[in-house]
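In what follows, structures are represented as structure tokens.
You will see two complexes here that share chain A, one where it goes with chain B and one where it goes with chain C.
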Partner chain A sequence: MYDRRVLMLLGLVAVLAVALLLPAIAPDSATTNIAVFTVMYVGLATAWNIMGGYTGYISLGHAGFFGFGSYALGLLLAKLGVAGGYEPFLFVPVAGVLTAVLAAVVGWFALRTRAATFVIVTIAFMFMLQLLAENLTSLTGGGAGLAFPNPPWRGGFFNIPFYYAMLALALVGLAASWWIRRSKFGLGLLAIRDDEDKALAVGVPAGAFKLTAFVISAALVGMIGGVYGYYVTFIYPQFVVDPLIGISMVLMVFLGGLGTLWGPVLGALILEPAQLWLAYNYGVSRLYLVLYSAVFLLVILFMPRGIIPSASELIARRRARAPATRAGATP
Partner chain B sequence: MILVLEAAVLGVLTGGVYALMASGLTLIFGVMRIINVGHGALVVLGAYLSFVLWRNLNIDPFVSLVVTMPVMFVLGVILQVVFIRPLKADREALSVLVTYALALGIEGLLGFFFTSNYVQITAWYDTASFPIGNFRITYVYIYGFLLCLAILGAIFLMLYRTTFGGAIRATMLNRTAAQLVGIDVDRVSAVAFGIGMATAAAGGVVFGITNTFNPGSHYDLISRLLTIIVLGGLGSLRGAIIAALIMLVIEDITAVLISPVWADFVFFVVLVVVLLVRPQGLFGLRVRERL
Partner chain C sequence: MSLLQVDHLSKRFGGVVAVDDCTLSIPAGGITGLIGPNGSGKTTIFNLITGFIAKDEGQITFKSQRLDGLGPDSVYERGIGRTFQLARIFPRLTALENLLVPIRRKGLRALFSRAGWSHERSKAMEMLEFLEIAQVADALGGSLSYGQRKLLELGAVMMAEPELVLLDEPAGGVNPALLERIADRLRTLNERGTSFLIVEHNMSFVMNLCSEVIVVHRGRQIASGKPDAVRSDPAVLDAYLGA
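The block that comes next holds the complex of A and B.
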């Protein structure tokens, strides 16, 4: 038991070291660009999992929070006249707070429903935000888009600050996810997932817990959306409130393992580079969507529980069998 | 005032088309307890099928339904058997994802074959109009409304006058009990999915004549259709039809009184109000469904 814990800690340190040193290992901007997006999805999937994985409430509208965070940061920077550089990153938490407020309001009425209706409400919410971003032209610039201040970095260094910003948010998300899983709060969330009525009966404040998880999850997604907006420097309603971003984080969580700590990370590490590769090679012909949907269907139909739960079950089964075979070997 | 009246009449007529599309969606939910997020994409697929028959073979879009509805029915049965039936545990959540994936796949395929340029089906009746009082109504709205009325009537006859319809209703009421009295719920589910897709084909034709569309049009459609079935009460056919009429009338009047760009927004406002006042919708039976 002790050995395993040390091993896991070492593994964790190694992964973290690779993540921190990646720009030094592979400094070309093509690689760091992929790294920025991959780490972005690690954060998004981890954040989505806090709501979708722990409470079982499937939100297909998290792209709405992503876009809102993006617009919130962009508008803050524009109104305050913040110049490009490191300073815009300081306003990312503000965008997070604003997204949290929005999520509290949306969650207040959306969480009056369960299961199927909740899914529908989240989808409708996402399209409502997209429509607002398009129609409130005087505020958001509408279809003409919203410009962020220009990041001053050039050449190979351009991606590096964004990489570390995304990495920091992903780590915050992971820390939150880890803490929630170990806390009484997280236990309550899992109870809600298993049977909400029974959870209520044994005294879990389901309403408050669900809303808290929803707000934490949305705020993280909003902050990541903010950094994304600054990274691409020009945002349009349909590109930041993009249903594909919303469904991608869900798919990653399902691939890696719903409701596990490392599942979303694994899912994002596998799928995002694959997605970028598909978009790069097949994006023009729209076959990209077909391939994406095929991967999606394969995951849901053949591995609905995800890699990590399936793998750990396999290991547990082999462990259980191992002593028996040893006993058989020495008659 | 006359403009508002005209908008209301138009709202009822287009509402009929949405009623047809939404009835397929709510039927699928009622029988299988799944939300078919791909329904909008299926409507767009239906529109493209008729578009191809019209453009390449010069077949009248309404006549083409004789071909597209059976084709879509069979396709629906196949999709249900291949993609929905295998889902065992956690069906509600997984089916949303599967149908979402199907929507993306259909969007991608349509984009591959037809590019993302907007197209529209045209016929003589989409411009020709006749006067009613002080305003004129284009024939296509009347034809579309009559078509939807006919199909909805056929669905109701099937549901309430045939043994198989009884089996569908029994499955909607209680799947387990239906199984216990010997109903093949798998077969009922597959057929219900097929019927849902056939209605999507019919709705798609009228949608394709009255709107320009492209492979990405399904997002807009599905968010409207989902709002309609939530307002009507998930799984309630009557509710879906009434909700569709209400929503489209409100939308068209908003477009006249305020602005067309805000007309879509009404859907969301109504959705929020419904959830606050009556989360189960107009005709929803269960106050809260279990997860």
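The block that comes next holds the complex of A and C.
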């Protein structure tokens, strides 16, 4: 047990070291650009998993929080007249707080529903937000978009600050997810996922727990949305409140392992580079959507619990079989 | 003295009157049986007491405090636990984790600190040993047999030490040997101070275990008293044979 823990810790340190040194290892813009988006989705999938994975409430509207965080930061920077540079990153937590407030209101209504109704309510919320962003032109710029301050960095260095900002948020998300997973609160969330009525019957305040998870999850997504807005410098409603962003988060979690700590990370590390590779090689044909559909079908058919739970189960089964085989071989 | 008092409780589902001006009194310290023919409103009464459904009329008082309008989690917090007709556990949590979920903690800090403090785990293991299912502590709930699930459900509801536990058909789908074990454990828990209200169709189980029996028919109480007296009550015989 002790050796396993040490090995896991060493593995974790190695992965973290690679993540921290990646811009030095592969400094070209194409690679760091892929890295920015991959780490962004690691954060998004991890944040989504706090709600969807731990409580079993599947939100397809998290793209709404992503877009809201993006607009919140953009408007904040514009109103305060913040110039490009490192300073805009300091306002990212404010975007997170604003998104949390919105999530508390949305969650208060949406979490009165369950199962398919909840999914539909979250989708409706996302499209409502998209319509608002398109139509509140005096505030958001509508279809003309909203400009962020221009980052002053040029050339190969441009992606680096954004990479580290996204990495920091992904690590915050992972730390939050780990903390919740091992806490009494997290155990309550898992109980809700398994059987909400039963959880209520043994004293789990399901309403408060679900709302808290929803708010934490949305706040993280909102902060990542803010950094994304600053990275792309110009945001439009259909690109930041994009259903595909929400579906990507969900698919990554399902692929890696719903309700696990590392599943969303694995899912994002597989799918996002694959999607970008397809986009780079096959242009803007959105061929990656075909890949997404195929992956989703395969996951649902062959690994409905995702890679990590399926692999763990396989290993456990082999370990359980091994002593029996050895015992059988003994004369 | 009455631990739980139900007064003039009514519940309608559309045109169907499930509970009709029902008044019950559950004494402290006993094992009370709640019996009646199928569809007489027993489980609806359980759901009303535990806050799973809202009443139309009447009031429910537990230790002189009104329970009206409280949700199931708040009712549990006040000291009333329940089990379900078909054993319900958390299938993707281990048996031990199933018992850790109901343990109460006060304060936000405690809530966000590690699940399963050592004394909590010891308490959960003691409960598993008491129920003789300690060997499945690390097994997922979903992999347990129906009998083990029944015992685990009972153990889980006892973890926060409720004063009154409502058991919905504890003998349902259970083999005779396990039934005897369940009855034995209920007697022990009762001796330790927990009161029980049991809905059950297995009459020999009820008559052997319960100190008091309440009979409901068409949503209202028609008889109550010692098991032997209730068994020979003409109104009860009429309800069962004439139903």
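In this text, the second predicted complex is superposed on the first by the 323 of 331 C-alpha atoms of A that agree within 3 Å, B and C clash if a C-alpha of one lies under 4 Å from a C-alpha of the other, contacts with A are read in each partner's own complex, and residues count from 1 in each chain.
The criterion applied here is as follows: contacts are C-beta pairs under 8 Å (C-beta built on N, C-alpha and C of every residue); 3 or more make two chains touch, one makes a residue touch a chain.
Since we're looking at a predicted model, the values are computed, not measured.
Which partner does A:Phe109 contact after superposing on A: first (chain B), second (chain C), both, neither?
first
Who does A:Tyr288 touch here: chain B (first), chain C (second), both, or neither?
It touches chain B, and chain C stays clear.
Tell me the contact category for A:Tyr86 with respect to chain B and chain C: first, second, both or neither.
Touch partners of A:Tyr86: none, neither chain B nor chain C.
A:Pro205 in the overlay: touching chain B, chain C, both, or neither? Say first, second, both or neither.
The answer is second: A:Pro205 touches chain C but not chain B.
Output check: A:Asp197 vs chain B and chain C. Expected answer is one of first, second, both, neither. What do you get?
Touch status of A:Asp197: both partners.
For chain A, which side has the bigger count of touched residues, chain B or chain C?
B
Which partner does A:Trp179 reach: the first (chain B), the second (chain C), both, or neither?
Touch status of A:Trp179: second partner only.
Quick check for you: in the superposed arrangement, does A:Gly188 touch first (chain B), second (chain C), both or neither?
After superposition on chain A, A:Gly188 lies in contact with chain C alone.
Kindly list the residues of chain A that each of chain B and chain C touches, one partner per complex.
193, 195, 197
Hey, which residues of chain A end up touching chain B in the complex?
56, 58, 60, 109-110, 112-117, 119-121, 123-125, 127-128, 131-132, 134-135, 193, 195-197, 243-244, 247, 250-251, 254, 285-294, 296-297, 300-301, 304
Can you name the residues of chain A that touch chain C in the complex?
Per the touch definition, chain A meets chain C at residues 179-180, 182-188, 190-191, 193-195, 197-207.
Once bound in the complex, which stretches of chain C touch chain A?
50, 52, 71-73, 76-77, 81-82, 84, 88-93, 97, 100-102, 104-105, 110-116, 141, 156-157, 159-160
Across the complex, what residues on chain B touch chain A?
Residues 29, 33, 35, 37, 83, 86-87, 89-90, 92-94, 96-98, 100-102, 104-105, 107-109, 111-112, 116, 215, 219-220, 222-223, 226-227, 229-230, 234, 261-262, 264-265, 267-268, 271-272, 275-276, 279, 288-291.
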